[in-house]
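Below is one structure. I have some questions about it.
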């Protein structure tokens, strides 16, 4: 038997495979297809203190080996989530990680406070790829000062493990990772989607109603693996790796690069049972390689020419 | 219960024998295709109007599955009628007997049971989702089926066969009336002696057709069930990509000064009451 | 007849299709396959003042809908280029754009000076995605001060049209574009490759001998189109768009987003006649749409919801 | 002159009739495959040792063409013998008769003309590039052909047929001698009565085999032409992806304190004098 369990700070997971926020609904959507008990953790769709309608359609468009989405953070709001969705999730022996965001520091703090007192939320994941609407639309995640402030305030507001989800739309992700760590993050999620655009050349218009969207899927995997590796070099806290993981081989790239766990995103859309296949595949790979414990391979990357 | 299953491409079980023109259209390397899938594990039987997400590529491009309404179920095989639009459908059309692909379904809701005769309005490939419904309720449909030209009226004889009465239009007049299908319907409704207020309409076709139809049905107070299309990433309600604006009917919700809310075409649909749609 | 000719500052091109640096050798490699006279311009492999051996192998690895390369800027040096490669290129009625780089500001300037006095070089394209080895390895292209300095110095050293090639590994490409414009660039090339990594999970090593490499190909196209659009909004000088252009449809996305011309890169590897197919396809598209002049469609993007 | 051309997958013209085992290996859905391509425009005839870049996918994944040595030219068809390794070769193996793909070639240099008898050393699928050469110079090769096990010695009878003498090794002893092919060669060279110093060696196989071979040939002063492999993006000399370190022989270049320079496997190779390679 191979040991698959890992720890993300105070959080103990039975295996390193989570679902990426926004690609797994509130969990219940997938309960028809897979046993939610098998997952390392469930990360739910991003929540805000008040519900959001999101963007007009089209909201998704396929790209070569990837997709762009501009859902616009549609969600039912923190309170409805706690009331309507959490009771279902509490049935499972799988930690629930609540992804959340806000338009202002205050909205972040309020969402964090409410989620922290809810029974069955085991950790918080902050999506900081949003603009601070109070401060001239500076994106929290691309500006070190804005990021330090919002992470610091949320840190003060919660005792739950705090995961900060970094945006890849930066020049130096290691530097942003350090800012998040210093501001009190217990772990980091790397990466969120990369901003992109697809144009309908006959209409001379962007395909997405929102004009731009976030690129995800296998297309971005080499970028994500590099960023996870850079982040792991820069900080000491655990990193959750994601971006284009379609199968166990892909997941192993992230773990070897140093990620303590991984999240399966777009792959859930392509194949509703993908996350389970990733878990089974990781176990099979370790058995085949004669590695008794997943922790032995995490961060095992040997660089060439050194 | 929807399932995730592997299916094998099987010999075509759905070729319309009674319609040599359509059979030829479909067998030639043309824009319309019939896909026959033999599931390799047990499946749930679909209802007319439901759809499946079908793998369209072998590697990562095309990446996402594509949604297709179920066209038929015969000898344990699922049938799909589709039109080549872009890279996913092109790639599907290049597969051969014996190739396998992953399928998820049946998904979404289905057409409500008709109470007596009904009207079916099909625009182009929209016929794919209506035919199994008309097949279930044979000879009860007044069919209105429109397309750009003769070549795009696929399964024409099949459609006529299953209808009580069938009306065809083409934009260029190459078959049937030279008219929009919604105009043909309007004439029928105003001229006909049938108590058409009692007739429900079942519709599937492009958004402009459904919009035109909603003008007619709203004005006439006719109940219309329409199958909608939106870009889909997951088809199972998780991505929130496929939203449609639906009017809020419950007074307690209307309080909030919100006239509409987003519903998922893949989960709460694809079939909606046309009067509920906020265009 | 459709007019395809465009101008990039003082440079008049018969059509907007160039070849991307490093994907078209020194031009001669493709002369067996296509008529070089048909190209809008030929951009040659990046040159340095002294020759470079480049990196050990493997230097290339395929990724989903893309590839990573770590050629390591192997080149024969500016002087051998002028002596051995330019005479061949002078036979053609196609402007030659010399891509160049350096490890220090001084190396950039010296390469620019020598290239500027060579007969048959029509413009210079500066690759600034290199670290400044004198200044603690700060990458010129990701640091506004370093970039302003190197572009400014090169500007003083040449009278040829100066194209600055921006790196996508930044948070705000519009801001970097403005810096380049202010420092004297006549035009901008957008984008260079995005840094990525692929790991061999059995060996626990990066596949590339250099560990990381640059991602190119269709996978990055949505990112490239977005960055070209952002750059065109930020500056007034012409932009040359590139990143994953495989066919005329793809090229049209960039032109509609505002690029004055485009460059075909990785597609040349996939299909040696790709650049010609792009030219023919653009002409056919314009004819089909009844647009008499390519310039009518450049920057014609209408945003949704505005 | 290399060309860019479209080719159609044709019925297999290269199945080894004399070798029922290989024929079965190849016809089954096994790891080795024969690909027969019918060019749809005029091509240049290839020489043994040259290779083609062959499209391996339909969409953008797999993106790059894959290099394959030419295995044969018959009835205007090009033959390739390949082993399924990853997604490109897998995708190739799923194509059917009548499918078309884009091809570039012939590319690279070819094996130099032998002066009399010669030695051929093949490791695994390396046999693919040596067989056409042995076919051109029939019954002149002392063939050394090694693989992991019997199942991986493809075209075994064909190879024996074309050789003057053939030696086989497998790592597990399931066929021929249980040995490394280079060890078998070493024994042959030391034991044999033939003036083997005069024999040139032609080799194709994995890098470890070629390295071991270079120890033998360097020690014995034997000329050896080896076909090398490197990851290729373009195959036509443009990307500088496929470099190999080649010793600098010209004294004027050695001045610069440089012992080696990079050469392109796709352009200056794939065949190099083994003594020139700096491992």
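Going by the order they are written in, the chains are A, B, C and D; count residues from 1 in each one.
Quick note on the criterion: contacts are C-beta pairs under 8 Å (C-beta built on N, C-alpha and C of every residue); 3 or more make two chains touch, one makes a residue touch a chain.
A quick note: this is a predicted structure, and the numbers were derived from the prediction, not measured.
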Partner chains shared by chain B and chain C (touch criterion as defined above): A, D
Whole-Å gap between the CA centroids of chain A and chain B: 36
Chain centre separation (chain B, chain D; CA means) in Å: 53
Centre-of-Cα separation between chain D and chain A, whole angstrom: 46
Residues of chain D whose C-beta touches two or more other chains: 59-62
Multi-chain contact sites of chain A, meaning residues that touch two or more partners: 64-66, 217-219
Pairwise touch network: line, ring, star, complete, or other: complete
Chain C - residues contacting chain A, complex: 56, 63-66, 68, 142, 169-172, 194-199, 201-206, 208-212, 215, 217-223, 225-226, 229, 244, 249, 252-253, 256-257, 285, 289, 297, 300-305
Contact set on chain A toward chain D in their complex: 64-65, 218
Of all residues in chain B, those that touch chain C in their complex: 59-61
Residue numbers on chain B that touch chain A, as the complex places them: 1-2, 4, 59-65, 88, 102, 104, 230-234, 236-244, 261-262, 267
Residue ranges of chain B in contact with chain D within the complex: 57-62, 87, 91, 94, 96, 99
